[in-house]
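Order of writing sets the chain letters: A, B, C and D. Residues in each chain are counted from 1.
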Amino acid sequence: MMGLQLQSDCWLIWPVILPLSAALVAFLAKGQPRLSGLTGALLTALASGTLFLKVVNHGGGSYDLGGWQPPLGISLRGDGPAVLMVLMTAVTGLAISVYAGGYFQSRIAMGGKGRRHIVQERFFWPLWLLLWGALNGLFLSADIFNMYVTLELVALSSVGLTALSGKPASQVAAMRYLLASLLGSLSFLLGVAFLYKTHGSLDLATIQAALALSPPVALAMALISVGLMLKCALFPFHFWLAPAHANALAPVSAILSGLVIKGGWYLFFRFWQGFLPLVGDGVVVVLAGLGGAAIIWGAFQAFCQQRLKMLVAYSTVAQIGYLFIIFPLLAIGAGQGAAAVFYFAISHSCAKAALFLAAGSIFLQMGHDRINNLDGVRQILPITTFAFALAGLSLMGLPPTGGFIAKYMYLSLAVSQDSWWLVLVMVVGSCLTAIYICRAVSHVLSPRMVAGRSQVVVGASMEWSALALALVAILLGFIAPLPLGLFEVVG
Amino acid sequence: MIWQNWLLVMILLSSLVPGLIIFSLAESRHGLRTTLNLFGAITKMVLVMIMIVGIHQGKSFAVHLVLLPGLELVLRADLLSALFVALSSILWLFTTIYAIAYLEDSPNRSHFFGYFSLCVTVTIGIALAGNLLTFLFFFEMLTLSTYPLVVHRGTTEALAAGRVYLIYTLAGGFCLFLGVVWLHVLVGPVDFSREGVLSPLVESHGQTLRIIFFLLIAGVGVKAALFPLHGWLPRAMVAPAPVSALLHAVAVVKAGAFGIIRVVLDVYGLQTAKGLGLLMPLMLLASVTIVYGAIYALKQDNLKHRLAFSTVSQVSYIALGISIGHPLAIMGGMAHLVHQGLMKITLFFCAGNIAEILGVHHISRMNGVGRRLPLTMAAFTLAAMGMIGLPPMAGFVSKWYLGLGAIAQGQGWLIGVLVLSSLLNAAYFLPILYGAWFKEPEGEWPADSGTVGPVESHWMLIVPPVVTALIVLLVGLLANSGLSPLAWVRLIINARYGL
Amino acid sequence: MMGHALYNDQFQILLLSLVPGLPLVVACALLVRPLQKTGLMLVPWAALPALGTALFLQPGVNLEVGWFFMGGRMGIDLLGQRFLLLAALVWLLAALFGRSYLQNDPKRCRFFFFYLISMAFNFGLILAQDMLGFYLFFAMMSFSAYGLIVHTGSREARWAGKVYIALVMVGEVLLFSGMLLMASRLPDLELTTIASSRPGSVSLIFLFVGFAIKAGALPLHVWLPLAHPVAPVPASAVLSGVMIKAGLLGWLRFLPVGQEIALPGWGMFFVVLGVMAAFYGVVLGLLQQEAKTILAYSSVSQMGIMTMIVGCGLLAPALWPQVKNAVSIYALHHGLAKASLFLGTGLAQGSGRGRPAPWFMSLLLLPCLALAGLPFTSGAIAKFAVKEIVHGLPGQFAAALELVLPLSALATMLLLCHFLKIISQTPSRPASISAGMFSPWFALLGTGGVLLWFWPQRPGYVWHGAEMDLLWQGLWPVALGWGLMAALWKWWPAKMVFTVPAGDILWLFYGKGAALLRLPREKGQNIRVAGGVVGNWQFGWGRNIFDRGRGLEKKLMRWAVVGSAYLLLCCVLLLLLVRW
Amino acid sequence: MSVPPALVYGLTGLFLFVAGLAGLISCAQLLRKILAANIMASGVFLFLVTIGHGRGGVIDPVPHAMVLTGIVVSVSSTAVVLALACRVQETANIHDLLKRRAGGDRE
């Protein structure tokens, strides 16, 4: 009963504890933030990997922090989806960390305004590790209040990361982001309060088991949903996303677009998953409608952008839509819908992070990211541009990528349920995606030579980490049974 | 048993691996790159020969890779795929030789040959695809691996063309994707070796099957440049000549045509497709394309554009043969798959030579080219005569069987289409021949690169077109012998329909 | 015994392959610079295997050559033997002539290349015993002849070439269609099978027109008077002497002649067409002022007679063996005579001595008289063979045609007199002839005069040529023609000269016809592509849409919008959840 | 009939939330937005405290713990917001200054 007794599922805690403590160490180790940060990242990734292996071999489990039982204690639950997300974070996070190491090294080596880059790096690592820990906590927590706390932690650290670049635009964007995020988390908290009021419990599984649709519950769900939509920037709440993601430092953009968004969406999904059998068609249609609007509008905006990072950011807006249009398809079909959407989330995470990393490298090399002036980057950064193109493929959903598998599952679900409007939205969305990605890629891969920095400032680790992520996105097209098998594991 | 299964993978790897190595090579490693290219091409030829002999002896080759439960990649070599594989691998060898000389001293060769090898790998993949998903898989990859080749020159025009190419093919790809998914939802995985899976559904899901057919054909039709979907093809002519040759003869357009064959014959099956009334619209479409392409070809003054529209027209012969639905016509269509490839690659090689050696791009300036480049123009003449469908060139053989099939199927009016096409072909090819052979040159050539060695230019530029032109001649002249593509096609038709 | 037969087969195949093969080999040699001299030497002798085959190989050889094209057969039958003999002789002698004639032509290698391949294909089509083989050689010959026609490269030659090639193309596709239709009903494609089957009427029409273009039948003869004058003399000789006979041979091979079923409609059509052509050619020829054009029109007229004979065969199937005999004899006679006339024209125009010498004119008169059917000439034998058929026809036809025959002889005589006059009046170009050109001409004259008299299957009548009434029948048209012409020359006002441009009816719709042949073409880079909008959208209204899209997005990003969306969405979700 | 105090507190909490929301959305100045967000937070906390009271007279400790944690979170986020606001203001000032100077130069 008491905390000293080691529970059998204690490995659940390490992916949370390790990055948090590493954040502390990185903050304190003034001289060597990079070393401690990278070590922390590596350890966290290892811990996540271990968790994954454990779950694969022994099934999921749960863990009460400090031995305190719910409701007062905080409980972690490692079931299939959660561990999948942790693993996704680990893979993406590790690559981003490696990239960040090279990124700051290059920036510092380039010199420039005083010690700015050194300061940036000094704060980057603690914030990033804090974010990582919070994200892992968010994925693993079983209790809805803890979700709120981790959500806030995630939000605060990401705002910090966003503001890190020091550009006025990024600060304004961070401000917007923070306010939107506050609004979202307060709504979420109010919803949590209503749920607790009606159920007297904070454990999500308990609540969902006993759920009945009384008006307070409905209000709670409405508040939680809208709050989380704000957090993950579903259309029409995407207003904060593009400026924040596009103006941040390169690794930060990747973190925000690849991982942070998934946090909000993950909670949304878990709330609704148990709740769906109770609700009518109208709600899911609204959700999917918003998702569809996001797909179209985001893709259209991405097409309209003139800066590469803005384009990628709006692409995130669009891709979030895919995470929501799954709801009408979840109702029927034994878990296929959930599998599809998780697979989409995973492959999007890898692909989008790779895109942002590659875009960051290009930005760094060229000193700008105006798409029309990017011709000829291929000659300078062959690996990076290749990674960019590969990641683009996954986003487009072309075979043989993870995006393809996910889209395949989506489409087959939609077709088998005769949801033609979803099919239409997806096809149109895919075409638009193809158009904007091709627009970028055609410039980036253009063989024409354009004057830029002749000296290559982008480090090898930056190039290869982006490529590695892109390759993972491709690899996901071949190993689908593995993650999806994990998906069946219950906590 | 094991080697048989690995053979297919090795055929793919034989161009993929050199391609990947070439990507990483420095621009200056000309010798190594050439060696790798030729090594890959020859290895592939040898492996394909082994495979063909194996197939002929009744061995079966297949590899599976499960992507998801019920979703697997299958490589399988059947008679039809052997036809396409053989065509691709042989023509790849020639195109490689040609491209090595053609791109001498031009920048970005490592990139070019890397994608070039990738493109062939993917084409072979399309040929060997054993089910619809695998086909889709490689079909999409083909778009991506050819795009860099199309924009290789990097001019504004090339980039614009590349964009158009991508928009068309990707949109087509999504149609195909949707069709494939839909079909999977209806009947599960669609394996090419199980013809007639769809026939039980004709009664219950007729309308759905028609829509799916439309989607699939729209998907493959973009690459096959069927009439309203052909817009990308003439624009893609900005690419270097070997690319155009590859695009038109081996890879993209041919893959589309091959896709039509697969969709109609292996996915739907002839009987089902007939029962659903799907062949008639396809036939009309193909006929319109044939005439339309020829008329537009007539209007072009740029040689490559003329050839491009000629491709639009000629490739639809394949679709026409399939859509007629009679075994004889199918035979003609399949034979044209090979014949058109041989003829068109020769024409593009020659057009490339004329542009590369003399700097001449327009037909109106080609007067007297025959005197300066006799071998090139001789090859061009043979191929053009084949295109017109004159005996004994390859083109005649396919036309003949198409006509026979059309009559046997009671669609005699199609002979009118064939005849019109022949006339138009003559109208756009004969003036070229006339100008090149019988007119005097109008002074200096714009950019004559001079004679190298005993022939009119670098031998690697001259030998490929001459050899392919001779093959065009021989394929027709010896059509009845056991070694001609026609014999193989006859084997296919015999196995399927028992002629 | 078997072995011997096999050996024999092999030998025959080899010989038969050499017939078209040797010219092709020599033609290829002409393409290679070091071999050109030898090649030029060998040009005439490339026809020797053909001559040998025609003279020494027994008709009835029919061998399968499975690997060739779509499964070929070659061999030689009676018809083939005669056509081959004619072809071999004319090609050989014209080549001998041409070798000297084109001695100083810088492009003579090109000329002889086309000459040789046309020759090879011409031999090939005679030997072919299956449908597609025939078609193959026929088509290739037609296209190769293009090189002969446009050889000089003059404006007229190019125009003639254009008309020729357009008609050839039309003919090709018609033959293609006709043969397709025919083939779809046949078990195999051998000529013997074709001869014993009855084709559908559509395919008949296609085949008829397709071959008619080559044979110069009436409305399709327009290329003949255009092409013959512009081609070099040896080319004109073979074109008019041999190649147009290929069309005739095509009719004989593919039309259902020689079957039990009479086709009175078709027969009638052929006869009428032939008779019309026989006179039309003469009338038009009389209106010409150029010697070779006149000869071309004479060919049109003579081909009309052969058309008529074929028509007789269709009318009365029982006459078929005689028809075959008559057609081949007539073709032989006409081919040799016409070829010697053409060569003679070349000699006359190249003598460099002003007016031609009287001895020359009198020699030139010989083939003219033969064509008009003067007794004791080859023409007399040919005419007699025709007459025999006409006699065998049902009553009213016989009467009508018996009237036609002497009239046509008279007309021919008129035309050829006109030809001789033109020849004698036309001053020669600078001297370009050599002794080497006379011997082939003499040979041709001699062969033409003598050959038929030793012909094994000649009509039995020949030796009775001296009979008085027959002599008279042969003589009076010639004499009358001569007299009429002499009278005309004497009294016709010199200033009244009517001429019709060569190619007659072609000029009637010249404007439109030219527009058809001269195709609109866009110069430069412009290409019209359907769906071009897609290509341009980023450059046209694209800029605009970018700005507008981003402007709209700015509006969406206002807090007020976001706040209202928040409230609205809360309410909507609440409502939907509660309502459930 | 007296109104139960829990209801009063609860409604007040909700009112504060809505008022804060209105402020957050409609106020243009940054500081007011931040204050509005704080008001919202207070509203939620008040509501939570009310919940803890509501269980048949027994005080439920869980909402209290939640409120305490929430306050900590709120304080820290307010700190971040304020710090960020200062930076934004600073850069905006500099921006303005630069703009004005540039404008002056032009004049």
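We take it that a residue touches a chain if its C-beta (ideal position, glycine included) is under 8 Å from a C-beta of that chain, and two chains touch if they have at least 3 such contacts.
Remember, predicted model here, so these are calculated numbers, not experimental data.
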Using the touch rule from the top, work out which pair, A-C or C-D, shares more C-beta pairs. A-C
Go ahead and note the Å separation of the Cα centroids belonging to chain A and chain C. 79
Averaging C-alpha coordinates per chain, one finds the centres of chain C and chain D separated by a number of Å equal to 100
Whole-Å gap separating chain B and chain C, where each centre is the average of the chain's CA atoms: 37
Here the gap between chain A and chain D, centre to centre from mean Cα coordinates and rounded to Å, is 27
So which stretches of chain C touch two or more other chains? 538, 562, 566
Two or more other chains touching the same residue: where does that happen in chain B? 163, 167
Of all residues in chain D, which are in touch with two or more distinct other chains? 21, 24
All pairs of touching chains, please: list them by chain label. A-B, A-C, A-D, B-C, C-D
Chain A residues touching chain C - in the complex, by the definition given at the top: 180, 183, 213, 215, 217-219, 221-223, 225-226, 229-230, 236-237, 239, 278-280, 282-283, 286, 290, 300-301, 303-306, 439
Please name which positions on chain C make contact with chain A in the complex. 538, 545-547, 549-550, 553, 556-558, 561-562, 565-566, 569-574, 576-580
In the complex of these two chains, what residues of chain D are touching chain A? 14, 17, 20-21, 24, 30, 33-34, 37, 40-41, 43-44, 47-48, 51, 54-55, 60-63, 65-66, 69-70, 73, 76-77, 80-81, 84-85, 87-88, 91-92, 95
Give the list of chain B residues in touch with chain A in this complex. 65-69, 71, 107-108, 111, 136-137, 140-141, 143-144, 148, 151-155, 159, 162-163, 166-167, 170-171, 173-175, 177-178, 181-182, 184-185
The chain A residues in contact with chain B across the complex are 375-376, 378, 389, 393, 396-400, 405, 407-409, 411-412, 415-416, 423, 427, 430-431, 434-435, 438-439, 442-443, 445-448, 477-478, 480-481, 484
